[in-house]
Structure formats: C-alpha cells, structure tokens
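All chains are identified by letter, namely A, B, C, D, E and F, in their written order; residue positions are counted from 1 within each chain.
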Amino acid sequence: MKYVIAIIRPERLESVKRELQKVEVNRLTVSAASGYGAQKGHLEVYRALELEVNLLEKIRLDIAVNDNFLEPTIAAIQKGAKTNSGHIGDGKIFVLPLEDVIRISTGETGSDAI
Amino acid sequence: MAIVAADLVWVLISSALILFMLPGLAFFYGGMVRRKNVLSSMMHSFVAMGVMTIEWVVIGYSLAFGTGNWFIGDLEHAFLRGIDLYSVSGTIPTYAFVVFQGMFAVITPALISGAIVGRAKFSSYIAFIALWGLIVYAPVCHWVWGGGFLTGEALDFAGGTVVHVTSGISSLAILVFLGKRKGYGIDSIKPHNVTLTLLGTGLLWFGWFGFNAGSSLAANEVASLAFITTFVAPAAAGLSWMAIEWMSTGKPTALGFATGILAGLVVITPAAGFVTPMAAIVMGLIAGVICYKAVMLKGKLGYDDSLDAFGVHGVGGITGAILTGVFASVGATGLLLGDSHQLFIQVEGVIITIVYAVVCTLIIGFVLQKTIGFKVSESEENIGLDKTQHGESAYNI
Amino acid sequence: MAIVAADLVWVLISSALILFMLPGLAFFYGGMVRRKNVLSSMMHSFVAMGVMTIEWVVIGYSLAFGTGNWFIGDLEHAFLRGIDLYSVSGTIPTYAFVVFQGMFAVITPALISGAIVGRAKFSSYIAFIALWGLIVYAPVCHWVWGGGFLTGEALDFAGGTVVHVTSGISSLAILVFLGKRKGYGIDSIKPHNVTLTLLGTGLLWFGWFGFNAGSSLAANEVASLAFITTFVAPAAAGLSWMAIEWMSTGKPTALGFATGILAGLVVITPAAGFVTPMAAIVMGLIAGVICYKAVMLKGKLGYDDSLDAFGVHGVGGITGAILTGVFASVGATGLLLGDSHQLFIQVEGVIITIVYAVVCTLIIGFVLQKTIGFKVSESEENIGLDKTQHGESAYNI
Amino acid sequence: MAIVAADLVWVLISSALILFMLPGLAFFYGGMVRRKNVLSSMMHSFVAMGVMTIEWVVIGYSLAFGTGNWFIGDLEHAFLRGIDLYSVSGTIPTYAFVVFQGMFAVITPALISGAIVGRAKFSSYIAFIALWGLIVYAPVCHWVWGGGFLTGEALDFAGGTVVHVTSGISSLAILVFLGKRKGYGIDSIKPHNVTLTLLGTGLLWFGWFGFNAGSSLAANEVASLAFITTFVAPAAAGLSWMAIEWMSTGKPTALGFATGILAGLVVITPAAGFVTPMAAIVMGLIAGVICYKAVMLKGKLGYDDSLDAFGVHGVGGITGAILTGVFASVGATGLLLGDSHQLFIQVEGVIITIVYAVVCTLIIGFVLQKTIGFKVSESEENIGLDKTQHGESAYNI
Amino acid sequence: MKYVIAIIRPERLESVKRELQKVEVNRLTVSAASGYGAQKGHLEVYRALELEVNLLEKIRLDIAVNDNFLEPTIAAIQKGAKTNSGHIGDGKIFVLPLEDVIRISTGETGSDAI
Amino acid sequence: MKYVIAIIRPERLESVKRELQKVEVNRLTVSAASGYGAQKGHLEVYRALELEVNLLEKIRLDIAVNDNFLEPTIAAIQKGAKTNSGHIGDGKIFVLPLEDVIRISTGETGSDAI
C-alpha cells in the first residue's frame, strides 16, 4: 500500500477529483496548504514596508491506495492538475510507503480498509 | 427658501447610510469570490469611494445637476464653484444635496464590479469607473433627476433606472466584452466565506433605508412610505426566492435568501415613494422569482456574470422600473389605476437608458482594451488578483 | 395632531438601527456556534427579517395595535387596511409607527434561536417563529403597549417584558422541550470565531440606541435620557461580568465582556426612560453578576441553553423588569421612591407573561413535533445544519 | 434656551455613530495583528467602552466641562450631580451633551492601543487608559473645549488636537517606553486578516460623520459643511496614499488605501467645519503623502509602532491642526486669508499638548511599570495574548 | 517508530484525546481537513446553480509513536472516534514507517524524542 | 529520498525559511496545525464554563529532500526554530521514507523532481 501526497493548485481540485473518479479512486483527504517552490512569488507591501513573499496557496491531497492503484492514481492527478502543457507551480506528487490502514467504523484493516 | 433642520438631518444621515453601503457591497461581493480575489473584489468598492467622490465634487455634480441642456449639465459648478455654506437646494444646504447625490455616483459604478471580479486589471478598473461615471452616470442622472428630458416624466424614486438599470446593463455589456474567468464552468468556483456575504447583506439593507427613504429629501410622509416599502419588499423577495429555490432544489440556502433580499431592494428602489406597502410586497414577491430565473439563465447561456450584477441589478432594475409604472398609486398613477401612459414612459426610459449605457460601456471597454489593456493575463488570473494586482493576501497564518 | 418632522426622523432612523440588530444578532450567535452550523444559526436571524416582517404588516400589527379587547387587538388593520400616507399616530405618520413596532416583532422571536441552534429543522423554525409571533408576541405586545390590560400599568419602556422576558422564557421552554445537542457536555463545543461575536456585539449596542431611545417615539428629553442609560448600563454590566469572571477563573475573556454588555442592554431596556444614569449604572452592575450566575447554572443543571438565550434574555429581562419597579424615578415612581405598588405590578406583569409564554411555547412545540417534526436527526446534527438544512457550507477553500 | 428637536436628533444619532467607531477601531486594528493577538487587540477597544464610559459620567465629564480654572474643571458634576432630565446645554439636553462628549473620551485612549498590541498586560492597559483619561484627556479637553486657556483660541473643530494629537503622541511615548515586540524586524509580522481591517475602515468612516459633522452640535449649515469635508478629505487621502505607494512599490494595496482613508479622516478632523470642500481635498492629498512618509520612517528608525497609531494619528493630527491654521476660511481665518496669528496659535496649541501628553504618559507608564508591571513576559508574548491574557482563542476548529 | 495519521469526525476530537491520554499518548498534532469517502455528501446550491458536493469536514491527527505504543494508540483512536456501533464516515487510521524524530529544543533524536 | 515533517512555532517560520535557504532548500509546503505536547496549555473559559485547553497553534512544514540534503535540512530547521537556548514547545522534526516524487508540470520523477 502507498500513501500519496499531492500538492496542487487550488483551482484544479475539481478537475483532479474528476480524473480520480474515472479511475475509481473516490476516497481522499484534502487540506489547505501554502507552498514555496520554483514558482516565483510576489512582492507584498504592508503599509509602506516591502516584503518579498513566495508563499503561494496550494491544496494538499492525501490518498491511500493499494499498490495496483498507484499508477492510475498518479496519472489521474497529473492529468487533472496540469495546466495546458504544464506550468511551473502545477505541483508535485509524493509517494510514501504505507504499512497499515484501519477503518474505524468496522475495524477492518489492510488493503480491504483503504 | 430657508433650510429645514429636520430635513437636513434626514438627508445627512441618509447620506452616511448610503456611504455605508460601499463596505456593504464590498463584503457582499467579497464573500462570494475565492480567497485569492477577496481584497481585489473589496477594493472595487473601496476605491470607488476615493475616485468617484473626488470626481463628483470636481466635475460630476456639475455635469449632472448644472443647468446645461436636455442631455447633460454644464460646468458652472465644477469644483463646486458658486456653492458656499449658505447655498440652498430645496430645504437643505446645497452642500448636503451635493453629498447625498454624490453617494449615488459613488455606489453605482461599484455595482458593476460584481460582473468582472477575478479578471480585470486594477488600473483599468479605475479608469473604467472614472470614465463610466462621466459618460454614462452623469448624463443619465441629468436626464432623470437633473433637469434633462426625462425629469418629471419617468418615475424613478431613488434610482431604479439611474442606478440599477445603468449599472446592471453595463455589467452585462462589459462581462460579455471581457469574457469568462479561466476555468469557469469547469473548476468549481464557490463563495469562500458566506458569512461575509451575509454581513454585506445586512449593511446593504440598513444603508438602503438612506438610499430610498432619504430620496424624499425631506422628513415627511413620503419618507415614511419609502421606508416601509423598503422594509417589506426585500422581506417578500427573500421569501419568494427562498420558496422557489426550496421547491426546485430541495434546500433553502442562506446565499439565496440574501440574494433575494437584494433583488427586493433593487426592485423597490424606483417605486419606494410611489406605491403602497401591499404593492411593495407584491413587487418583492415578483422580484425574487424573476431574479432567480435570471440568475439561472446564466447557467444555461454560459456567460460568466460572476456575482450576478446583471442578474440582480440589471434584471431587477428593469423589473422595478416597469412595475413602478404598473403599481404607482401614491402621488402618481400607474397602470392599475388606468394610466397606461406612465407605463409607456417607464418602458421608454428603460430602453433609452439600456441602449445608451450598452453603447457607451462597450466604447469605454474597447478604448481601454486598445490602450492600457483591460483583462489580466491567464497566469495572473491563476495566481489571483490579490497577489498580482495588490501585492498582498487577505489571510495570513 | 400634525406630524413633527424631528420625531419622524428620530423614529425612522431608530427603526433602521433596530433592523441592523438582526445582522448583529446573527453575528453574535453565529460566532459562538461551530463552523458547521454558522449559516444555519445566522439564517435564524435573517429569515426572521423575511417572515416576521410580512407577518407583521399582514396581520401582526393589527393584532397588537388594533382596538380589540383587553387581551388582543382585532383585524381592522390587517393588510394595513385603513392606513394611508397621511394617517398619523401620535406625532408621526402611522407608517413610521408600523415600521418601528414591526422591528420589535422581527427581532423578538429571533432571540429565541440562540436556545436551539444546531438541532432544529429549518422549516420547523420558520413555522415556530411565525406561530409564536402571532400567539405569544402579538398578545403580550397588545397587553403592555397596545391598549391591553397592562397598558399604563406595567412600566416597560422599550420591551423588557414584551421582548426579553417573552423570548428568554420561551427559550427555556423550547430548549427543555427539544433536549440537548448530541455530545453536549461530552465533546467540546467552542465558539468557532469570537471576532464574529464581537462584531455582533458592536452592531447590537449600536442598534440598541434605536431600540431604547427610539422608544420615546419623539425627539425629546426622554429620548436623551434613554440614550444615556443605554450608554452606561451595558458599560457597567460588561465591567461587572468581567470582574466576577476575572476573580473566579483568573481570566477576563472577550466573550464574557461581550456577554456582559448584552446583559446590561437587556436589563436597561424596560427602564431606559424611567431611571437616572446613576441608577442605570447600578442596574448594569447587577445585570453582569446575575446573568453570569445564571449562565453558570447551565453548567450545573446540565441543560443546553446553547447561546444563553435564557441566561441572558430571560434572566436579564426579568431582572430588568423588576429593577425598573425599584429604581424608577423619572416620570414614574419605584420602590426607592417609596412606591411598592409599582414593583408589585412589575412582578405581576412578569409572572403573567412567563406563565403565558411558557404554556403557549410548549403547545406550539408540541404541535410542531407531532406534525412536521422539530428536531433534526442525530446524523444530520452530526454533519451539521449548514449542509443538511441549507445545502451549503460557510467556508470554502 | 429651549431645546431644538432637530439638534437633539442630530447629536444623539451622531453619538451612536461615534460609539460604532469603537468596534470599527477594534476591527481595523484586529485585522492587522496576528491570529494569536486578535481578541486581545479587539478588547483594547471594547473594554474602553466599559471603563471610559463609566469614568466619564462619574468624574471625567465634570473635570472636562465643570467650571474649574484655566487648567481643569472641577467636581461640581461628578456623578452627573446637578444634571437632570430638563438640564440644557446650548440647544440640546445636557444628557445628550454628556453622551456626545463621552464618546470622544471613550475612543481617544483606545486609539493608543494600536501602539502597544501584542505586548501589554491587560490589567495594565486598563489602568493605563483610566489614568490617561483623567490626567491627559480631561485637562486637554478642558483647555480646548471646556473653558480652559485654549478655548476660543485654537481652532479644533472635532478633536484634531484633543483626540488625535494627544493619543498619537502618547502612542509614541508609550511604545518607546515599552520597547519592541519580540521578533520585530526579524520574524515577519503580517496582518492575519485584511478583510477585518477593511470592515473596520468602513465602520470608522461611517462613524466619523457623527464625530465631525456632529461636532457642530446643531443641525445647521456648518454640519453640512463638516459632512462634505469628511466625505472628500479621506477620499483624497486614500488616493494620494495609493498613488505614492503605487509609484514606490509598484502595487496599490488594500491596506494602504484603508490607511490613507484613515489619515484623511484624522487630518480633516480639526478643520471639518472651517474649510471649504476644495481645501479639504488638498488637506486630504497632503495627509496621504505625509502619513505614508511617517509610516515609512518606522521602518528606518526601527521603533515598533505596531499599527501606526503614531504614524497616522500623531502625525496626521499634528498636520491637521497646523493645516487648519493655513486653510481655515469659513467662520475663521487662516494663513491663506492672511491671518498668520491663527497659525501661530495652532502651533502653540499643538506644542503645549505634545509636551504635556508626553510627560504625563511617561509618568503613567513609569508608575505602572514599577507597581503592577506593564509588559507581558517573553513567553507570554510568544504564546500570544489571547491565550495568556484572556484565556481564549479567537478561532476554533 | 511509526507515524500514525488518523482522519476523524471533528466532533470526536475531544473523546479521542481523552482515550489517548488514558494510554499515555499526550503528544499529537491536529489539523483541519476535508474528506471524500464512502460517506455520502450533500447537494449544494449556489444561487440557483446546483453542485453535488461530497467534501465533508474532518479532523486529521498526526501522532508519532514508538512501536510498543502503536497498538494502544490505534485502539484508543478507534474507541474515541467511533460513533455508537460505528457509522460510515467515522474515519480511518493510516500507519506509516517513521525513520527518525528530532526534538528541536534539546536535539534529542530517535525514540527518546517522541 | 526522505519526507521531512517539522512542527514549529508559528512565529519562527520566517527564520526557519531563512536558514533553509542558506542550505539551498527552497521548496517546501507549509500548513497550519495545532499541537498537544509537553508545552503546558492554558485554561480557557467560555461564558462562565471552564475548559482546560492544551491545543496550541503550530506550523507544519513538509519538505521532500534527497538523502544528501537530509542532514543540512534538519540542522537548518533546528537552528531557525529554536528559541534562545531551546524551550519546550519549540517543536519536532519527523523523518519518513519517501519512495517517489513526480513533478506534475514536466512528468519528471525521482530525485530530479524534488
């Protein structure tokens, strides 16, 4: 099992979700995040004081998948998150090993619980 | 004629209430956009308090209320020339009259901003409202209230035509001109904070008492009538919007109720001092349904009236202007009292205003497009206008 | 009698201020609930601006202020029949009087919503306030102000009994009837955004000047007195709440100070035009302490008065009504001036109101329960009322 | 002299508007601090509505407006002794006058809070404003308005010196005394929610109409003049701040525009009823630029005027007082009309006020430091004042 | 060492914390999240436009534990998060391998630092 | 590759970022979190009802790094996040194994994509 963390642009959430549904990945956790990356930030000014700010709003997705779902999941996220032919700032996908999953309501564990 | 102290109090306090509608509008609109555009959206209202205010006292007032001709005033009062502490308009000091009318000039162009949030350059927005205030607002205001060719003809108690038809129809023109936001209809664009919109609704209704009841320009019976109609019409419109939404979708939303209230406020504006409270309720009920349908149209026709400036102000304003010709019964006679002529004048006034506002708005848009540009780049739209236009973000950890 | 323009201005602007209390209440309450119930909570106040407004002009006003008998008015003014532009009530147009009184009818049932947030069906809430407005508010208003058996007897300057005792005690009845929120006392239920509550506090105090000082219905010395007492009593109550909280818990909270202000506003309501500023300070100090104790009681007795509608409005309203009988000294005589009879009348008025409101509220609750249901299901409560009742969420990424 | 009803309405409604500035200030400041200090910052304004209100009616009013001597009033009206329902001041009931003046006494010390957010103990803050109100505000108010040695000499329409110079310069004194916030200049300290600050700006401007135009204390031409100058000056100042910021940094921020508006409001305060609208525009334009420069200074000199209480109120207040001596032309003559003497008096008034306020503020600060302590510990500052001073947090999941 | 991520209902946070304390797990990180899952979402309407929304508010817990604490931690979360006999939407627990922990204040590392 | 999660005090974010830049770690994801830990919480009172609350605001950083960057990254976070000579509440750093990274815009994977 894998634990996939994807950082995407906020406005691509819906299209990523749509792509994920096509490959039958319907369970995921979404949270707000901010990111520093290759994407250039912007100058911010607070009352006559300048600050260079590079922190941009992002959406973070956490998706636990069984191994055979990993490829399609990654492909779906890529498809949904990419703007046109790909721009800096489109985001990244991280794949971490996942040792166990427990479904709280039923107590199921392992791949069945995902 | 001497000033009447109670009238002066009434007009000044009404003016303060109308100014308060600007933050109201900022919050009403600001809650509906995404987090990345909230300051940009709010600044559309706030900057109008700067730009339009100065424009008004420098030249707008004179163009609208200077003697001039059937079409427009003149420059006799530019820079408020010829007006001093003791100048009187009606029963109030002219300064008070200038302020009161100025509030309308400030809020009207700001209404249009709801049509173009998330995609207009800030500099172009400023140029747009400044030009629109001179080319569209000042003349139409002169026509209807300032001695122009509709003065004394068309019934427009507090600006159904002057404020809502002009701004609403210009919204439609400019949004078609500008095109959709990126991702419109594909990515979901949800209000980032509905409580802000509810706050805005509260501020707007509160301020609208100054807008409508203040338009009597005197502390008299007509002010009381305009006040009670401004109380019941939005209530009725909120309920009818809620009812139709509840029946169609199964859920009565807070945002829908708030929008209904706004529709009711818009519809009653031209009629406030001319109709009975019961007619106001009927007008409100109609407003909720018609504006609901108008907003649905957007989904069907696929244009991006982001915050429904046209759906509510345009459609609501036209509906109100026409219904005023139907229901007028206090100090004027509408269709229901057998006067079809008034209705005819109302329709005529609306049509002339629509044609004029659309043509001028498109010309302004075109000129700006060709000179300083109007729309932000796709990448700026992506990042959000708060960061790209204003160099700041609304919320920080 | 002719209208007095300054009185008209005073009553109209006071009416606008009172309407503004509804968003104030929405924010006061909305900040204290959890994120998932904030729109639901705010809609309790907003929808009252729709439902109660229309009910008032259609029938409520006539029931409250129509001639009728000792108990209730009649239908002579249903649909505002018999009232036109030139009708006069006292020194103001009747339309203005209808509006001013209507604002009280709108806010009173909305106060109750604080007792039942997070667990009432929206449809049932609407039915509840509509029925309660007719069955409880209109008669009690008639008793005290509209020519009923307490008119001219009980001292109730701006609605201590008519507004706060009725709504506060009905809150207690309905919350006992409805039962607790799921997880009350187990899971922590913290205010999701205290800044909203502070905003609501500001709006409420501001609007309350209209509520209390406007109740003089004339721009005179009594209005000034009611204004200054409405200035000092909440200040004192905020301080005494803060002091007792600081001593008991070691921390003076913002929420506590805000609640103290509200308690002071409630307590001074019946007394505003009858007591001196110094008596108002004493009443405020007492209010802060008594309401603090009343709210603590909740923790001990284990009922779920979610936003302390009973603890503040009920207990504060009763305290105010009684203390008015003690401290009255301007245009009326209370216990301290040796008139124990007035105190007796105050207590009598409160008791009759309590009994009447509790019985009627329980009957309404019972009937609704048996017909359309009142409480949402446990799972709906879990998910939150914004999603389940209104199909929306306040905050979106 | 008899009371004039319209004046009474005007003063009362203006008073309500000024009270509404306190939540305005709370939000203006509260949006600019970090999440962990927002309630603490807001409570600075709210608690002033408790403490200063009671202090005012108990003793402050008498010290400021009691007969007394050239320096301070006396105790003849302590506890409002000698004032009853029918007491008259000018053309309004004395109660109304006490209320109106009380609003100024409430807001003035609250302005200082912007200089010390995030690092003052709550108990010490309360002691500070209570003492400052007696030692600084009451005497200066007596000098300028209450019969003291500047009364009838210095022009101060609505409190440029009495309110803004005193609070602004005391801000500077106390912030130098207290020292910086931990991490100032190292860690970034960004506004946690700019929409709150915009809301505050709207409330402040709205309320400021009461502050300035209400200061005519009568519903007359001067009120209208003060109203229109309070309309155009902040508009101009917002624009000039925006322009200079846009040119220097490339971005026109919302926070900057809001700050410019505030600067314009401050600058026009002493001049509101003495200058023409066109002069008000010029004063506003100057205010935006000067206050922008003053705020930049902070970055250069490295002191921690957290929310620019000195940069805006101090510098703006001084600028306004002096420019009033330059531009005065209505009911007074300034430099431009050839009267250099008035300018001299203005400067003199400002200097005396500055010296007096700085000395007293430092003494109060010193005494508090030595007795109950003034600043929180470093660890409390770290955790945030909401938790450490008030035992709560503004936002909860 | 394990890194446990649990997604639970917001209103169960307090009871989960209580259960965790019983097994002496007192350190954890909480964040707001939203989840798509088996739990059915709700229809949302924005101004006459319908949107089907399935994103529900959740709370995310991150808990780093030593291996011997894993079992009790999972059991405690389950106990605290389960509504009655278990309902869809009660949430999930993910167990990831954790290689190292560093306590910033002291510089301690490994199991001691947890 | 490693996936580093650090929990720090909100007010140290800027200085941590500064230290990270010095070691050329410029990409990271930031999110808001709340933490229970050794740091003592505070009593909170809601309208006359007392609640003991230990949940304190924290910032969470997620940083994916190549193995050779791990040490400098940890050192930089420690340096930036530590208050004076170290106080309880300064936070923790968790190191998780990371199996893969995908850059959405280009499709690059593995260490190159970090």
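Observations on the structure shown:
Definition applied: contacts are C-beta pairs under 8 Å (C-beta built on N, C-alpha and C of every residue); 3 or more make two chains touch, one makes a residue touch a chain.
Predicted model only: the values in this text are computed from it and were never measured.
The set of chains in contact with subunit E as well as subunit F comprises A, B, C, D.
Between B-F and D-F, more contacting C-beta pairs join the chains of D-F.
Note on chain placement: the centre of subunit B and the centre of subunit D lie 33 Å apart, centres being C-alpha means. Centroid to centroid, with C-alpha atoms defining each point, subunit A and subunit F lie 18 Å apart.
Once the centre of each chain is set as its mean CA position, subunit B and subunit E turn out to be 48 Å apart. Residues of subunit C in contact with two or more other chains: 5-6, 9, 13, 35, 188, 190-191, 199, 203, 249-251, 253, 255, 391-393, 397. Listed for subunit A are residues 10, 13, 30-32, 34, 43-46, 87, 96-97, each touching two or more other chains. If you draw each protein chain as a dot and join the dots that touch, every dot ends up joined to every other dot.
Touching subunit F in their complex are the following residues of subunit C: 188, 190-191, 245, 248-251, 253, 255-256, 259, 292, 295-296, 298-299, 308.
Those residues of subunit B lying in contact with subunit C across their complex are 4-7, 9-10, 13, 17, 35, 190-195, 198-199, 201-203, 205-206, 209-210, 213, 218-225, 227-228, 231-232, 234-236, 238-239, 242, 249-255, 257-258, 261, 276-278, 281, 330. Looking at the complex, you find that subunit A touches subunit C at residues 10, 13, 30, 32, 59.
The residues of subunit A lying in touch with subunit B in their complex are 9-15, 34, 42-46, 53, 56-57, 83, 87.
Touching subunit C in their complex are the following residues of subunit D: 3, 5-6, 8-9, 12-13, 15-16, 19-20, 22-24, 26-27, 30, 38-39, 42-43, 46-47, 49-51, 53-54, 57, 79-80, 84-86, 92-93, 95-96, 98-99, 102, 122, 196, 199, 203, 386, 389-397.
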